[in-house]
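Letters A, B, C and D name the chains as they come in the text, with residue numbers starting at 1 for each one.
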Amino acid sequence: MRNTLVNPGVGELTYEIRNIVTVAEKLQVHGLQINWENIGDPVAKGETIPQWMKEIVTKALMLDETYGYCHTRGVLETRRFISEQTNDIGGAQINPDDIIFFNGLGDAIAKVYGNLKRETRILIPSPTYTTHSTGETAHANAGPVTYRLQPENNWYPDLEDVKNHVKYNPSICGITIVNPDNPTGMVLPEHMLREIVTIAGEYGLFLIADEIYNNIIYNGQRTVPLAAVIGDVPAVAMRGISKEFPWPGARCGWLEFYNTGKDQRFREYVNSILNSKMNEVCSTTLPQKTLPLIFTHPEYRNYLGERVARYEKMSNIAYDILGKVPGLLVNRTNGAFYMAVAFKDGLLTNRQSLPIPGREIRELVENITGGGGVPPDKRFVYYMLAHTGICTVPLSSFSTPLQGFRITLLEKDESEFRKVLRTLAQKITEYLDS
Amino acid sequence: MRNTLVNPGVGELTYEIRNIVTVAEKLQVHGLQINWENIGDPVAKGETIPQWMKEIVTKALMLDETYGYCHTRGVLETRRFISEQTNDIGGAQINPDDIIFFNGLGDAIAKVYGNLKRETRILIPSPTYTTHSTGETAHANAGPVTYRLQPENNWYPDLEDVKNHVKYNPSICGITIVNPDNPTGMVLPEHMLREIVTIAGEYGLFLIADEIYNNIIYNGQRTVPLAAVIGDVPAVAMRGISKEFPWPGARCGWLEFYNTGKDQRFREYVNSILNSKMNEVCSTTLPQKTLPLIFTHPEYRNYLGERVARYEKMSNIAYDILGKVPGLLVNRTNGAFYMAVAFKDGLLTNRQSLPIPGREIRELVENITGGGGVPPDKRFVYYMLAHTGICTVPLSSFSTPLQGFRITLLEKDESEFRKVLRTLAQKITEYLDS
Amino acid sequence: MRNTLVNPGVGELTYEIRNIVTVAEKLQVHGLQINWENIGDPVAKGETIPQWMKEIVTKALMLDETYGYCHTRGVLETRRFISEQTNDIGGAQINPDDIIFFNGLGDAIAKVYGNLKRETRILIPSPTYTTHSTGETAHANAGPVTYRLQPENNWYPDLEDVKNHVKYNPSICGITIVNPDNPTGMVLPEHMLREIVTIAGEYGLFLIADEIYNNIIYNGQRTVPLAAVIGDVPAVAMRGISKEFPWPGARCGWLEFYNTGKDQRFREYVNSILNSKMNEVCSTTLPQKTLPLIFTHPEYRNYLGERVARYEKMSNIAYDILGKVPGLLVNRTNGAFYMAVAFKDGLLTNRQSLPIPGREIRELVENITGGGGVPPDKRFVYYMLAHTGICTVPLSSFSTPLQGFRITLLEKDESEFRKVLRTLAQKITEYLDS
Amino acid sequence: MRNTLVNPGVGELTYEIRNIVTVAEKLQVHGLQINWENIGDPVAKGETIPQWMKEIVTKALMLDETYGYCHTRGVLETRRFISEQTNDIGGAQINPDDIIFFNGLGDAIAKVYGNLKRETRILIPSPTYTTHSTGETAHANAGPVTYRLQPENNWYPDLEDVKNHVKYNPSICGITIVNPDNPTGMVLPEHMLREIVTIAGEYGLFLIADEIYNNIIYNGQRTVPLAAVIGDVPAVAMRGISKEFPWPGARCGWLEFYNTGKDQRFREYVNSILNSKMNEVCSTTLPQKTLPLIFTHPEYRNYLGERVARYEKMSNIAYDILGKVPGLLVNRTNGAFYMAVAFKDGLLTNRQSLPIPGREIRELVENITGGGGVPPDKRFVYYMLAHTGICTVPLSSFSTPLQGFRITLLEKDESEFRKVLRTLAQKITEYLDS
């Protein structure tokens, strides 16, 4: 190649969430049985798709038009359906043209951050779901600007920290919230959401609300969609069907833009997002065609309610077991299906370990965790994986200096889940004592 | 908003191919009947999906796993199936990890250009399909660098022009070919493809081959996939099912990388593309699951053969009618389902017109075409649309200084197609004489 | 021109400090007598160069070598002389290679900011001398990040504001201080300088200290050079002869780098600055050759002392007169030879004026100040200029939201200065009441 | 430092022309006597400044105003003087505002390239003076785009190559010419200059003409300033006094802009250059004040004539001696005071050498030339230096794939120059045969 093709360092990005799968698969080949507590894919964890939903989908596929392109913004009837749902909340009022469909939220998130000019920064939570942090930092070619979620206080955001970042960093033009949150399972109380809206309004910012888990809330908690409280602040809400139907393989998510009429700069930005989608013609047709039918199906609420009830149960099992382990900061999760657990400051070292049987696996883990800059929770996660087969994700890979791990609450077998959690609890203590 | 969010000018991009739809829809509201000769969507033009294909798809959707995420690179069995197909050609040898699936070729194209560093340029054909030109120019923040397809010579590329651009512009690191071509319908003879490979090899470039129409060739023409002749030059082939099954609504296309092992810089680049996909988790699962089943179904060849035969017939109808119109440069199309027709140099002016009944439509068209910088073929296309209801696309919107228009060969009703073409032929003469 | 040559908006930058000269010159042509209180050029304001200094300079010019290039870093003997002076302070210890000469501080400042990568920000004071703010914002392609100098508190920096900007904006890698300050005449107390060094050390930043006025301090105030208190924090001090000898026409200033040995990233940066100078071969030879001779001449201290005494006197005259004007925030200046005066919040409007005799001048001023986005202090400055002939600079042109004006203390004729100040005082009241 | 301060790779730039000085100085310390044939500083090579010139300069320094700032564009009287000189040529007509003074041409060149937007490229000669190539490539963050000067044809530019680069690379917006040329000593015939102007006019480009050596032409050759033939093509000429008076230590050069009134985009660009200078206040006052007095002094023509005659003599000595050495491509130089000699293709290897006495020097040279990517002419130059003390510059450091070396014609002692050249001739043969 006569020139280099990418900027220096670009080829070296790593995605811990997905990298660990590669390693776990190698361990599987060596005979280890893996408990996959790392992946947010309900289907992979055994969720079954109900028969009535399959019927809606297959019926749609008997129509030729389901095979064709749809409108660049998305299927009009579906956008009309969603905009009415949103308008019924009684807050922000939108029309179908305020909605754009994407190939999953990953696509939407990449375009939301990627269309901002390089010098414009978005304040994101820490810890954060990696697609947000990677999207934001890639567009800016710089490290993330983050506000703190507090492990000592239910993972609620430190609103003082939010406000100070906004006040003292004039390049910040927006704030991202994930509600309910991944990786922490935190559900944002309405009054906090309102305070964030107030900060945005006061400083002339827009808001990005990832609400993909907005219908998965339990333990008696409540929140509201951003639309309910946004007032006249420009904002974009991110929603999708991957987690809720659940149908992640469909790659179907959408953006709702609030108050585009009230800010010229925001409107230019929304237009640039539409242009990037236009250049790819459109997004997936099938899930859009079926979306209103599934949402309004008489079985839908029951179906979702049962799943949410199960996440609630698993949330409490995990809390009850891990909450008793010395050295951990544990919060009861109230939404989504992840749980982030932090170690107390300074407990993890780069010398702790658990026994790994088999020379090949041992050397593999030692190679991965032996390097100079490896965070101690990555070391922990790999030793735990190789010793027990329990696959988690290091917390430090979610743009946070905190050390810990993330598990999912997707296991369908309650007794299996209890067993995994108990093993984890016991082995954490052994690891810390090693 | 306290700062601007996008760079100046970003909000003003226009996509003529899709913009004209907006206008045509308005004309429809005013009672005009539209002949949609602008859109490359076979389904929208009445193509029916065969029953056996629908059965494969709906059967796949009865399985829960079809609803889940797939591997970031794509479903392994499908990548294995494709890599074997490619290896059977007898040229480049690849393995499943040399393939990455995307949400349609639009997504793939955006990532192929978007992951290049800003200073690296790709030489693209002129005229070019807009997704290529927009992708390339957006990544570089500069106008396109193009080689000439020759309207006076079957739209074949001017290879001297290719070579000179490569030789005299050291920032060019790759060459894009679209074979068969959109918007011209040109099919690249094998010897020309080999010459382009030779140029790339000689100057240390890589090749990008958009082969989405590679199985839609007729009039007895032949070409070969890039894999057949690539030798040890690094390259990426772009393939998909949107046009061939046809199933554009599935958003399913893929990249095949050749000779990644032979160039470190190319490998870094491929890795950066994989990283951007990883950040979006994965692409659509359903079409990947069904792809091998459809391709290998006993009816598939017949089905595709019938469609190709129809495109051949329409190609010849269009050529026979438009080829006789004075003032046009017309080539028989031999692949894909588009036809690009150029006006002879200087024939179009900014004063020609056709009568438009109805004041509202007339004023709309006058507004759109009246501005200072409007290319004359855009004026032609809008007057033709408003006068006859025939919706085409201005050739100048495909990154070329040539003036003309593009139509599709997708009309299923032969006599309707003849009627549209005859109207077009007659009205072109009237327009030129006006 | 086949392409645009500069980025959009680049041609529209304005420099109020120098723009107003253009207007004042036009007024002069129309017969107005101008009091130039805007320019920081002692020579233009009548400072005489002492005979002994002229003799040193002309003697140097009898030597052929004074006409040749010097070393890229600057004349070795001079750098040795300066490094010994700096080392004698007893703080940072440097050698001649830690010094680079430039063609005036303007050149040095442009290279200090211009060599930083785009994403790295320097926190600058507000108000700030425009060469700093323009250099910093041009390199970043974004608005400035500033800390507040307090008009209600001797223009001392708000150290809490400094710390919060550093803490909440991770792209900040350095802090600029101007000591004594332009445009405010503030002299930084040693303990505040130490606190800023502590903040830099704590957060891993480097410091930029513009010390061009470091030997022009009065009213019994004291400060220290950064070298005295820098400890092991990386830093660059900016010094020069333009204001002190005074010899601005020589274009001679230099950078002193402290603690380059203690930080690899800082060393790379210093090296990139050296490279940009190397590409211009070297800086002016003559002033470097004479610098040690002038500094060590027996008359030098007296000469400088007399000038400083005069600035002290003018400082107090200005303070005594303007300090009594209602509506102003006035601080006694203690160093350099500028005075920045702010209006109390909200006092200035876009409707106030002073009578302007002569239609031509009146129309010129109305044109300049009539536009939508004109800050009210710019309006004030132009009306004052046209009404009285007193030429000042609007405070808002120094990267501050404060409204006010800057004058110099360079007038040599005490009674003339009193007259100008009294006129200013009276007319301010009239303007505010208009 | 909490972040990196410069982009990766920025700290590693090397300037061979000035790097070799560092090494030669080390050799001097080890007792080697150096013949400095590398530096274009007449003063350093023993040129004496005539008494009448010194008197003009010292007289100017008796005036206080010579110590002050001058106008941002430069001293008005001097710009008036120069603009009249230029207008007298009878081509481009300018006024004083079409001239901007800089701190030497290095400063001017840096701003000419640095103010172009990143995507705009200037076609530069190869070989080229490094300040041009570094300025152009730094602004573009990419390798240079060059046209070929022909060593087989008097180093005349290959005009076909110029035209093809312009035609096939749409990012090229300007062409740089250095006339007379550094490093080749080539003088551009008027008809070639006219052809380059024609190409620029035809493709909508502007020209950059470095004319610093325009009054140093000999061997009966002739050329014209760009002003004479520019017609209505936008252009910038670069002139200065460093080489001609000679007074490089004054840092005084200027830009003349032609046809700014004829192109809006060019005007924006010129304005952006003015803005960067405005931010540094102004350039050196003293040389500007004296420039008209020196140029119009009755002794000036004789003085310059004598120097030029000496360069002519040295040019012919060098040509007569080196022209007979087998393996070299040698052209008689006709202007400036450099000579570039290329080796015939493939003659230099990475194994040739000359004996180096003294272990320390030998090891130093082996270290510098032993690395993998060292061009063979750099090896040649260092072995020649260490073996003979003759200090030249590798030709490959002037942005050319050619291998060779550059010497200067500045030696004042004719017999010494013959001796040096004969040694060089003999040792080249030994080196090639080694």
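The rule we apply is simple: a residue touches a chain if its C-beta (ideal position, glycine included) is under 8 Å from a C-beta of that chain, and two chains touch if they have at least 3 such contacts.
Keep in mind that this is a model prediction, so the values were computed, not measured.
**Student:** Along touching chains only, what is the step distance from chain A to chain D?
**Tutor:** Steps on the shortest route: 1.
**Student:** How many steps does it take, at the fewest, to get from chain B to chain C if each step moves to a chain that touches the one before?
**Tutor:** Contact-graph shortest path, chain B to chain C, evaluates to 1.
**Student:** Report the chain pair from B-C, A-D or A-C that duplicates the B-D interface, where duplication means over half of the contact pairs agree by residue number.
**Tutor:** A-C
**Student:** Tell me which has more C-beta contacts between its two chains, A-B or A-C.
**Tutor:** A-B
**Student:** At what distance in angstrom does the C-alpha mean of chain C lie from that of chain A?
**Tutor:** 50
**Student:** Give, as an integer number of Å, the spacing between the C-alpha centres of chain B and chain A.
**Tutor:** 35
**Student:** Got the chain C residues that touch at least 2 other chains?
**Tutor:** Answer for chain C, listing residues that touch two or more other chains: 3, 119, 142-143, 170-171.
**Student:** Okay, in this complex, where on chain C does chain D touch?
**Tutor:** Against chain D, chain C makes touches at 1-7, 10-11, 13, 15, 18, 39, 41, 43-44, 47-49, 54, 57-58, 61-62, 64-70, 72, 103-104, 106-107, 109-110, 115-117, 119-120, 130-131, 134-135, 170-171, 173, 203-206, 234, 245-251, 263, 265-269, 271-272, 275-276, 278-286.
**Student:** Note which residues of chain B are touching chain C in the complex, please.
**Tutor:** 3, 8-9, 143
**Student:** Could you list, by residue number, the parts of chain C that touch chain A in their complex?
**Tutor:** Contacts found on chain C: 118-119, 140-143, 145, 161, 164-165, 167-171.
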